Amino acid sequence: MPEPLLRVESLAAGYGEVQVLWGIDLEVMPAGITAIVGSNGAGKSTLLKVLSGMIPSRAGQIVFAGRDVTGAGTDALLAAGIAHVPEGRRLFRGLTVRDNLLLGAFLRSASRQQLARDLDRIYSLFPILADRRHQDATTMSGGEQQMCAIGRGLMAQPQLLMIDELSLGLAPRAVELLADSLRAISREGLAILLVEQDVLTAFELSESAYVIETGRVVTTGESRVLADDPRIRDAYLGTV
Amino acid sequence: QTLKIGAPLALTGGLADEGKKQQVAYDMWLKRVNAAGGITVGGKKVKVELITYDYQTNEQRASQIAEKLITQDKVDVLTAPFGSGHTKVVAGVAERYGVPVVASVASSESVFNQGYKFLFGTLAPNGGLTDALVKVVTKQMPTVKKIALLGREDVFPKSMAASMADAAKRAGIEIVYNELYPVSTMDFSSPLSKMRSVKPDWIFMSGYTKDLILARKQMADLGVTAPVITMITGPAYREFAEALGPLAENVTSATWWSPAVSFKSDDVFGSTQAFVDDFRARGEKGEPDYVHASAAAALIAVQKAAEIAGSLDKTKLRDALAALELKTFYGPIDFTGNGMNAARELPIIQVQGGRAVVLAPEAIRQSTLRAVK
Amino acid sequence: MSALLELTGVSKRFGGIDAVRGVDLRVERGEIIGLIGPNGAGKTTLVNLITGVHRATAGTVRFEGADVTAQRPHEAARRGLARTFQIVQPFPQMTVLENVMAGSLFAGASATPAIAREDAMQHLERVGLGAQAHRPAAILTLPSRKRLELAKSLAMKPRLLLLDEVNAGLNTSEIDGALELIRSIAADGVTIILIEHLMKVVLSLSQRVLVLHQGALIADGPPRAVVDDPRVVEAYLGARFAARFAQHPTEASRA
Amino acid sequence: MDVALLVQVVLNGLMLGALYACIAVGFSLVWGVLNIINMLHGSLIVLAGYLTCSLWTEAHIHPFASLIPVGLVIGVGAAVLQFVLINRVVQQPVLTTLTLTFGLDMILYNLMNSVFDATPRRVTLDLGRVTLGEVVLPWDRIAAMLVALALTALLYGILRGSRLGRAIVAVRMDREAASLMGIRVPRIYALTFGLGAFMAGVCGALLSIVYPITTNATGQLLGKAFIVCVVGGLGTVPGALVGGLALGVTESLGSHWFGPQAAALLGFALMLALLVVRPTGLLGRKGYE
Amino acid sequence: MASHWRRIGIGLWLLGVAAAPLSGDNYVIKIATFVAFYGALALSWNFIGGYAGYPSFATAAFVGLGSYAGALCQNAGVPMVLSWGLAAGVTAIAAAALGFVVLRLRGHYFAIGSIALVEILSLIASWWSGLTGGGEGLNVTILPGGPVFIARFFLYAMLAIVVLALVATVLVERGRLGFGLRCIAQNEDAAEMVGVPTTLYKVLAFVLSGVFCGAAGAAYASWVAYIAPTDAFSILLTVKVPVMVLLGGPGTVFGPLLGSSALVLLEETVWARFLEFHQAILGAVIVALIFFLPGGLLGLAGRVRKSA
């Protein structure tokens, strides 16, 4: 069994007086897709925020690529290889699509040619971004912005890419295309941790998954298995 | 019993330099008076106390401090701050309380025509300056036929410009340019370029020292020149020649006082020379200018009035001031009906060889008018 | 009688981009209309044109017979045109309750802040945010903020409600509750235009589905017919979705 | 109409405008990017002027030689100030930072007054002028113009072309997201503030040849920076240049046609008119509101 | 409860200022008058700056306009108090007209636009010398009476203006206008979307922030009997007033009063004690307040109550 890329043990975190996460244990394997699902307010986004250093943890340990990174700042974690595509996209207003993408590569000391190649890769992934490369990123449509945000995360060339609300606001066909690309990218060696509300897509896309409720991991396992678990189906698939 | 004199001064803010000059002069006077053991009022020696506050070149604070000096420090008499505008404010407060105010650096008629009974000023009216100037220029350089005027939109410089225009007209000099510039001006290239195109023989400008320095420099930059360049009150101040260097050469001005004009007097200083010596002995730079002299003269007037009145009663002081006729190191003091010092012949100066020399009146003339190169 | 909302030849250009091109549309009272289309098709822009946020480059917008092409957003709000924002726009430092009060006070019928407070509380309960009423809006999770948007719009007593991806971010079972809520709003007589990428929502609620592609309407009809339209599959749904949909209509309906 | 005179007046305006641009460019950067209305800006210019004057009178260092060193001294000082002090409140509303820099300015102003007093001083150096027929151009203004252009180009290059520039804008737009990109936000803030102050420093060194330096000028300089920002657009570097030039030419022509008093009014009228038709300034973009 | 404390605070403040004549010292009365003057300005600013969140620097424009309008009316023979009312009216109209122009701007641009108003009006005042006396300033008919009477009269006049501004503040805060302004402060686009007539509300706030400044400016002109462009339209004043509100606590009723009196009294003490460095010390105090009292003085009171 290979070493996990990311190992989280008994992680706790919260905001002010409110504690949101209560002892989360989690492992992410290199080169693979791990999904986190759970209902509204369960603490999924909070977990990602702790992992990228946006908010501090209160207890527990985070080990990344064999190093203890508990308590590290956003820049250190990004340098170590963890990139985060936050909920709500958070693109930079007043900057073009291209500049937004380049900011993803801020910490890398890549040559111009290298950056240009990376940009092209993103453009081939999301052709619409190529058309709009000189548009102010925040004037794009919601879905276009989501693509730009994911592209920006990829530009960091991380070892682990965390995406919050992957399919949010994307058209069905766009989700399909994106899922294909992510699978291909992960096969090339990138670990992906994604938060996804659409449980079906999440299970279809990932190898393993975590179900989080009120700040605790309630179930974990191989996605294929979970997808057939009747309890999960009842809780998250609902009826039509 | 002590004679309390209240002095609101601009020790910080825009007029800080001028305020400090007043302070120096007051202090020189006070040293002399203390050395003499005070002043004699009604046969008794009376100590003198000078209470000064910084009003930060801020109008609101000036009025506030006048009130403080009158009501809390209970001064017998006030001096006014620098400049006509702030003098008005202090005089307004003092008038209500019936406290005499002696202004040392307010020369605009608009300050004194308010009907204030308690306001006096040691400077002579502006008209005296411009008449004297015109006299010197027309006499010593009769080729001057066209004048260009530029004045700052501010109490004193504006009234100087107006009075110059008036004097020039009376002397038959043609006014080819006449404008005012706003207080916030940072550049004179446009008015100067225009002046160059009308080819005046005489350029007259009145404004604050920093404006004058800038304008003189820009004249050189733009090749604007005239045989006579007059700047009010630029050359009267040491800073002017210092900041301009060679460009200050041959710039003329008029002033209320020059150390070259020697008076013998029966005041605490005794003579103009003694005042200048005192000034140097203090380690001050250069020579005293009219602000120093006029400020000291204002206190001399207060002293004499108290001695003559024989009392520190404010109304009696006022009456004594109104009736005063004095010869001081600064020149004669004789307050006219509106409180201003009577007109007299005023010195015309020119920067020659880096220092200001007197061109007129004839009695004290040190040199003759030279054309600007 | 005139339609509730009527667009004729409405277009909008941003610099070189034709976001909306010559859209003609009639919305009758009481309808629930689904508006779908690929990302960047112009759906949000269309909402902005209807609510006065943007001014159409060409064409006219009529609401209840009146030409409202040039209206300001607050006028739209007072007329009974309410919308939710795709990118949510709360008053961040105000409480959740105060956010909704604003809608009630300025576009709803509440005369005073006190009345608005009562009213707002009811709307919050209705969308399930009652428990959060006194917390600052800034700390809500994204789906909750969308609920807040909805409550705010309801407080405005709209006659036409434009919901721009208000259910995005809900998981499949949470959507069931949302469907109930929207049905009950419609039952109160509010006409609804619904933008959503969640086909489950679109298909279960809409009586009519419009498809926008590159700024132009390419399909308009009953949900099933639209989903089967090859152009829609090609532009929007994707082949795999269509296949899945044909197999298990219920599960696949959420892409 | 005398053509040579008109040409002269327009050129005067352009050269004055270049000075205005110099004055405003750092201020605009700090305001547009950091969202700080830096009330210290005028005092920093004057302080640089004093330093240059002192270097000239005490050590006979030519102002052109002290341009960059003085700029650096002011810039580094300001960056430190930002790092240790202003950064603590930089997230708060504009008014807080405004009040803070207002307080700091009072301190600096007071200190300058007691060290240098208010007497106007100047580097007494005359660089002469170029004469082209009837048109005259003073060398020091030409130098100012070149420096303004160079500064603007430099800043523009930094902001548009460099990684640092992108980081600066990113931080301005969304501090938290910027930190997710690995940008160290406080450092960028300090750098930007320092860059703005560097511009002020260079400008002050230059002004010491052209203008009498006095503490009384601080407010005036700040005021000009304000107007230039509006005319040109906040936070855009070419905006400061265009705004400065537009203001300079307007004032110059206004003064020529309607007298010096009307000139200042015209400058403001231009500004208000622009605000009405183009609320983001001549070159301003949306997003800096 | 908070509003309870607030009422007590305001009551004490008013009583304190009104009781100044008990000291029997005209200088104390003068300071109290300035406290009231700045209190009125701070309350005025609070409408646009505190509630609507628009960083306005137009205070000096309103004060200057009011003082010139009042002075000109008075010199034309209009009774003094009536001319204050007219001045307030003129200022209100000007604020409405100018508001339509500058309130199209947001955030930064508004701030600059508003400061430009000060400069423009100041330039007009100095340029139009036929009416205003230009740079020479304008003398105002002096109110006859002894110094004691004058001191008290103007104290109570200023206090009356403060009370009017307070009443307006409370009415605004309780009503739709206040609520709408707070929405605007938070997110103007969203406010517009929920039906707040943003332009109208902003202009109303601007007018409110002008009208009391105009009255206070006119009263001030009658009091000092002389006004000049640079002092009437003082940039320092225009920056000082927001600083005062910030120190007290913006967007509240009592904060502006607290902040303005704190700064006036602070200036007074610092100035009296440290002649040469009073400005630096005052600056340092302001800097320290920003760091140690982030929510303004009122915030401090809140914290004390919480920990108690």
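As written, the chain order gives the labels A, B, C, D and E, with residue 1 at the start of each chain.
One rule holds for everything that comes next: a residue touches a chain if its C-beta (ideal position, glycine included) is under 8 Å from a C-beta of that chain, and two chains touch if they have at least 3 such contacts.
Every value quoted in this text rests on a predicted model; they were computed, and no experiment measured them.
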Set of chains whose contacts include both chain D and chain C: A, E
Between chain C and chain E, the fewest steps along chains that touch one another: 1
Chain pair with the higher count of C-beta pairs in contact (A-C, B-E): A-C
Per Cα centroids, the chain farthest from chain D: C
Of all other chains, the one whose Cα centre sits farthest from chain A: B
Rounded Å distance between chain A and chain C, as computed from the means of their C-alpha atoms: 28
Rounded Å distance, chain D centre to chain E centre (Cα mean): 30
Distance from chain C to chain B - Cα centre to Cα centre, in angstrom: 76
Computed distance of Cα centres, chain D from chain A, in Å: 44
Residues of chain C touching at least two other chains: none
For chain B, residues that touch 2 or more chains besides their own: 12, 153, 180, 182, 184
Where chain D touches two or more other chains, by residue: 110, 113, 223, 261, 264, 288
Listing of all chain pairs that touch each other, if any do: A-C, A-D, B-D, B-E, C-E, D-E
Of all residues in chain D, those that touch chain A in their complex: 163, 166-167, 169-170, 172-174, 176-184, 285-288
Of chain B, residues touching chain E in the complex: 11-12, 54, 56, 58-60, 63-64, 67-68, 70-72, 84-85, 88-89, 92, 95-97, 108, 110, 114, 152-155, 158-159, 180, 182-184
Complex contacts: residues of chain E adjacent to chain B: 25-27, 30-31, 34, 119, 123, 126-127, 129, 134-137, 139, 142, 146-147, 150, 224-226, 228-231, 236, 271, 275-276, 278-279
Chain E contact footprint on chain C (complex, rising order): 51, 53, 72-74, 77-78, 83, 85, 89-94, 101-103, 105-107, 112-113, 152, 156
Chain B-facing residues of chain D, complex: 2, 5, 8-9, 12-13, 15-16, 19, 110, 113, 117-122, 124, 126, 129, 131, 136, 138, 140-141, 210-212, 214, 216-217, 220, 223-224, 251-253, 255-256, 259-261, 263-264
